[in-house]
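Shared between the two complexes below is chain A, which pairs with chain B and chain C, respectively.
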Partner chain A sequence: MAKTYDYLFKLLLIGDSGVGKTCVLFRFSEDAFNTTFISTIGIDFKIRTIDLDGKKIKLQIWDTAGQERFRTITTAYYRGAMGIMLVYDITNEKSFENIKNWIRNIEENASADVEKMLLGNKCELEEKRQVSKERGEQLAVEYGIKFIETSAKASIRVEDAFFTLARDIKTKMEKKLEASNPPKGGHKLTPTEPMKKPTSWLSRCTLL
Partner chain B sequence: MDNTLPTEFDIIIIGTGLVESIISAAASRIGKRVLHVDTNDYYGGTWASFNLKSLQEQGTKPNEKQFENERCLQIGNDVFSIQDFSEKWHIIEHNEKENVTQTPEDNEKQLVETFEDKVTIQDESKEAKPNVNETKENSFSRDSLLNNSRKFNIDLVPKLHFARGEFVQLLISSNIARYAEYRSVSRVLTWVNNTLEVVPCSRSDVFANNRVSVIEKRMLMKLLTSLDEDDDNYKDNQDKTFLEFLKEKKLTPNLIHFVLYAIARSTDTTSCSEGIASTKRFLNSLGRFGKTPFLFSMYGSGETTQAFCRLSAVFGGIFALDRAQVGLMIEDDKVTKVFCQGQEICAEHFVLGAEKIPKLYTEHLKVNSYISRAVFITESSVMPSEQEHLTLFMYPAENGKPIVTVLELGSLTGTCPKNLFLVHLTAKQTTTPQEDFKHIIDNLFQFNDQSTEDIRKPKILWSCYFSLPETNSSDLKGTNHPPNLFVADGPDLDLDYDLTIKKAKDIFKQIYPGDEFLPRAPDPEEIIFGGEENEKENVEVTDTLQKDTTSLNDNN
Partner chain C sequence: MEDEFDDYQECFSQEGILLKEAPPSHETYIDSIGIIIIHESKKDGEDLKKFMLEWKPNDITIDSDVQYQEWAVVNTVQKRYRTLSGTIPDPHVKFRCLKINFDIIKSFKVQNKGRQLTFYDGSSEVLCSFLFQCGNCDVLVAALKTHLRIGTSKRDRQLYVIYDSDSPEYQQLNKSFAALNIKHDHSLWDFVKNIKDNSYEGSLGAFAKVTNIVFSSLDGTRYPDEITKDDLNNSITELGDEIVHSMAPSLEDGVSSAFQLPPRKEFVRCNPLTEEQWDSQLNSSGQLEDVDDIKMSIFKGGVHPSIRKEVWKFLLDYYPWSSTHSERQALVKVKRDEYYRMKLQWKSFSKQQENNFLDYAQRKSLVEKDVARTDRTLEFYAGDNNINLQTLKDILMTYVMYNFDLGYVQGMSDLLSPILWLMLDECDAFWCFVGFMDKVMSNFEIDQAGMKEQLTNLHVLLNFVDPKLANYLVEHECGNMFFCFRWLLVWFKRELSQEDVMRFWEVLWTGYPCQNFHLLVSVAILEHERNALMEEERGFTEILKYINELSGKLDISLMICKAEGIFHQINDSDYLSDSVRPILGLPVIGTNNLDSHEQSPFESPDISSTGTQPCCSVENVRISPDEIAYEDSIGSNFL
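Right, the complex of A and B next:
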């Protein structure tokens, strides 16, 4: 079977509960908005393949599964992540302040060269705004990462955000590939792997 | 952050060991409201993996603090926790070359850089002139290792997985496989006639092995094929040991060694039926992934508990770690609530990890056996090779010493930095971990700080020993605890998780007798949220996603 994409990127969403991580994910993956999922039940990750400079890039975007609520995100969640969207809610000061804690968490658990990006979500709620755009920008500069204000509900710049993050990862990766680092990796266990009973020991040995 | 937990659940699980985590996932998966609590600030309990610094801290960790609350029974005991923890450096604190006057951050960056440079230099110098003594100057220091602390993922309970074993099947059938990645073990070694030998377990191994003659190869094939296919043959051999059985088959001592000690992981007294069963377990998993029957979890075995916890969370399980004050509230011989940091939380059923059993229930409990463990950081492999190997090394039982399972992990497993190896030793305890493994160190390793030097043996830079209580159900049944409280066993000596899964399944079936244990979780594209406003879009979305599914599988 031919591959239908050139690269596969694992992305994570991180941020306080209620900032709209799942909504951002749904807006991007399904172009839909739904306020009914209360705390991310049953949502594991979503996939969308995008075209970027002639390459097909498959984005596998993981949600926190509610484990951000009591700060119990597993270290396993961060494994192999190439990009992280740090999300806060512009109408919630606390969620903005907590970005620093989340960054510390990422530094402790994610790979050192993971691409990060800061999202100020719910920008359609201008009248309830508690965090100015300037403060968002400033924080992003402090950490040397990109920043964008989005609205999952009104579908504002969510595409932009993911395309930007994906492009940055792609650039970094291609640079690395040029430096000829063969990718390492383990086996993913999938049901498509043939489960037939092994042929006998004898038949595997052509020597005899 | 609001730290308040909801106060009503179907089941509360205390402890994030593997048995607890599997039960958590299984209960959550069938729609039960699960609260999963741990007093530790990390996942895994006695099954966890640690980075170097946190593992070292295990030795100095104070016991759980007592708290005053007459209405509840505080959880936690000393009986089922890690015992006799000790660790030791065998290298200098820091290299003079390293500039310690820099700011800590700069220093760290620089050390990480020089760390890998240094190793290359060392390797080159070794090749050029094997007897160099100046390696001392170029060698690792505590600082350089500790600055790479996060690159270590050191398992308390390292496990391997049979490629067609129950654990791998469960991962696939439940769809939990998507939370983890595995590498195959690339060679199996054994200790025979005072040398290390590769156990031939694939065609190419048989080819490569010049210690096994063509005739022996034929004998071996004949035996293994007959073991694989014929069941009746062994009814006549019930009273024999496996060794006697193999001798009757007129195998050469060499072959008997491979089959008995390495493939069947047996001893001279193992019964024939047990030996045959182990051999079959090995053979049945050949030829699926890589050259050997075994897989190892990337980033360490501790990731496995987290994979089950993730599934539990995806289906609504609520997780709360680092809760210092946890106790059971008991009325009329039943647990009714859990006291958790000032809150009282009710549920119908309660599951406790063995190390969380309240002292009251463990007072008269004796642990019958322990697991001896050692972990070494070494600067070369026991059997150096051009490519990095993931090695399982079966050290046969000898002179009253137990069978020792040795696992040597390189950087490709994500458990240690480049150019270093992590060596795990595991055995059923006969005396102390130090004593149980002493002969292996004598034969195969050397401590970096010992006076005599043997260039053939890997140097141990850091060593660590501890014991783990081997819980078994009969121990725990004697504790006389309330009937709606279930105790999850701790680590065992099985190479894989077969026993663990069985224990988790048993408890799940006792609590929810009619329900399916970990049915397949849907793939993300199968979940469609039927909101009115997006019903139309869903059709399109499903369509495009189907294309993706094939490519996902293809990729894998």
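Right, the complex of A and C next:
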């Protein structure tokens, strides 16, 4: 099968229920907003392939259910994620406070070098704002991650957010590839590529 | 051996294992179900670690949580006490465990399609023999292979020989391991010891971790460069099949042909229960004459929409089935008062109270967010400031007061929505919703134990009906059945139209033909989609996507018919084991039936079910060194 992309990045959206994760993803993947959206149960993902500095990057973006109780299932999906969008709602103080918990959750369940980014959504609701932009920025600095305020509804900077995260992952990855091995021709494989012979992994494990 | 035992630590265990043969000291435990544990010596002799096999009967440890390594509970809320979990200490444990040092075990044999494992001593006498009640011994054998020097007999691939550490074969293998430089990776061992039971969940997690470890071991980063990855792929491709076959010769075809279900009968849906039928069942005082008959009719064809509103009140245990007309009138009065009293409790909270009651405020905000996202495409709930949304919210909030421990959990609004749509009455809808919640409560509990159990049970049932598909899912990182989470949490609410979901739920509420019928419907769907699922080596991602996209495309009537057929196949099966029975609420009948399952007509049983005969002849076991196909090629292929 011919590959239609150079890299496959697995990204994850996490944050409290109702902050707009599904809407942000819908905005990015379909460029639309729908107020009749249903809440997310379990987990789903969407795909969008973007062009970045001449490379085709397939983004596989996972959307999770936000309620605490379902973290047991959703954290199972942290594995293998290369980038994580931490989303809060600028009109909801609590969702911002919870970012700390989400970060702890990532630290416990995702790989240590996963790229993270902080997203303050619903930024068009200026009159309802509870979390100032400065506080968002400050928190991002604290964790050494990037920060963007977005609106899925008004389509503000959603593209920016995903492109920024994708670019950071790409840079990091290429640096690593160069360090371990000078670039060669042919396609590159990423760890999240579907395994063609999973049974062999099983057998391998029994032999080691 | 008892004293020595203290120097050992557990490194592997598997549950659901029936003792079939044992030394005289443990004969009383033959036919008991228990757990196998492998212990390793704590002393850091590195290469010369000692191992010990232990089997102990079940009633010592009932820990429902250990198998769910993937489900580490991360919530901060205190777990509710569950009577079934936890370890019950038993002072007599030591006397009941069967323990054998691997110094004594010289070989072992896999039989009955991997369902039976027998250990032999140096003179080829049977030490002990086990039946694997659900699944097979693959994981255990794999774990043994990781730690002991094991080869197979060329003549009998089912027979494994354990080498002494000074044998030349062992030395050679050791060298290749050293070159690989990952032998002493403890994380690797950690996951092997985490493989629990046949719970595919455990193994799934483990396999996934292997890939991570392999990546990180090889180049120290999460992004392996292409050379490493290609090399890895090549060596794996070359070796893959061979290894799988030598490790578990029956993995592919064995499972599926181990036994066969009786032929599936065709079922059709009948006409829905009509108003006339219903009325004819009511006697002069308004009591139903033959409740079972009514339930059976509903199971076979559902309820006609004209009487649905009334019938659901019975199905959802708002009205007792045996009640008279006047009793129901009285009940409604009482329940109405009760409802509005509870509603008033939260409605009369002041803003100040709410601010001081964070737990409550959070629930309220969650309810509001979800109500705004519930069935908004239905006319009934569409538009801004919709009065029905307000009612939806009021009912859910009152339920929070009614069951504060459980509170509001996402998915509940989905369950309430069709009920309110049908009842058009806040109070009736509330009590019907309470009845529904009572049936599915465990799906929403804080530790998610109910969901874990359902997903596990779904896999057990699938494995019984379509072992090939079940096995495929395990091999493709889907053994935990997470991709069916949404189906089971809200009983297919998100997969079906409003009309279909109502027809489906009323069938399920009857409790016919067995409990957990929705799991059989899930099995029917998976089986129906099996070709698509197994197409092009679909993996976890593709399978999840495929299943999610089935939403809106399911022919639920057909699936109910298929599921009914599957139920009768299972129920009529000669090989129905006790691992399947309780899931469907069928009586557990002890281990005798299991034996007939193990000794299916498709192969000649070489172990007598009475356990008095020697397991197999001496000639079968004794092998000369030149027959041994030692698997050192494995190591060198990675060099």
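Convention: the second predicted complex is superposed on the first by the 166 of 208 C-alpha atoms of A that agree within 3 Å, B and C clash if a C-alpha of one lies under 4 Å from a C-alpha of the other, contacts with A are read in each partner's own complex, and residues count from 1 in each chain.
The rule is simple: a residue touches a chain if its C-beta (ideal position, glycine included) is under 8 Å from a C-beta of that chain, and two chains touch if they have at least 3 such contacts.
The structure presented is a predicted model; accordingly, all values stated were derived computationally and were not measured.
Asker: After the superposition on A, what does A:30 contact: first (chain B), second (chain C), both or neither?
Answerer: In the superposition, A:30 touches chain B alone.
Asker: Of the partners chain B and chain C, which touch A:176 in the superposed model: first, second, both, neither?
Answerer: A:176 sits against chain C, while chain B stays out of touch.
Asker: Please work out whether A:98 is in contact with chain B alone, chain C alone, both, or neither, and reply first, second, both or neither.
Answerer: A:98 sits against chain B, while chain C stays out of touch.
Asker: For A:67, using the defined touch cut-off, is the partner it touches chain B, chain C, both, or neither? Pick first, second, both or neither.
Answerer: both
Asker: Touch check for A:75: first (chain B), second (chain C), both, or neither?
Answerer: Both partners.
Asker: Taking the superposition as given, does A:58 touch the first partner, chain B, the second, chain C, both, or neither?
Answerer: In the superposition, A:58 contacts chain B only.
Asker: Check the residue A:45 against both partner chains and state whether it touches chain B (first), chain C (second), both, or neither.
Answerer: both
Asker: Pick out the shared contact residues on chain A: the ones touching chain B in one complex and chain C in the other.
Answerer: Common interface on chain A, chain B vs chain C: 36-37, 39, 41-45, 65-67, 69-72, 75-76, 79, 108, 184, 186-191, 195, 197-202, 204-208.
Asker: Which residues of chain C touch chain A once you look at their complex with the stated criterion?
Answerer: The contact residues of chain C facing chain A are 70-77, 142-143, 145-146, 177, 180, 182-183, 185, 188, 191-192, 206-208, 210-212, 214-215, 219-230, 233, 236-237, 239-240, 243-244, 247, 362, 365-366, 369-370, 373-377, 382, 409-411, 413-414, 444, 446-448, 451, 475-477, 480, 482, 485-486, 489-490, 494, 537, 539-542, 544-545, 548, 631, 634-635.
Asker: Name, in rising order, each residue of chain B that touches chain A in their complex.
Answerer: 1, 3, 5, 43, 150, 164, 168, 171-173, 177-184, 202-203, 206-207, 214, 217-218, 221-222, 224-225, 228-229, 283-290, 295, 298-299, 303, 306-307, 309-310, 313-316, 318-321, 412, 414, 521-522, 524-525, 527, 529, 531, 533-534, 537-538, 541, 545, 547-548, 550-556
Asker: Under the definition above, what is the set of chain A residues touching chain C in their complex?
Answerer: Against chain C, the touching part of chain A is residues 17-18, 35-39, 41-45, 60, 65-73, 75-76, 79, 82, 92, 94, 105, 108-109, 111, 113, 173, 176-177, 180-181, 184, 186-191, 194-208.
Asker: Hey, which residues of chain A end up touching chain B in the complex?
Answerer: Listed in rising order, the residues of chain A that touch chain B are 1-5, 8, 16, 26, 29-34, 36-37, 39, 41-47, 49, 58, 65-67, 69-72, 74-77, 79-80, 98, 108, 184-193, 195, 197-202, 204-208.
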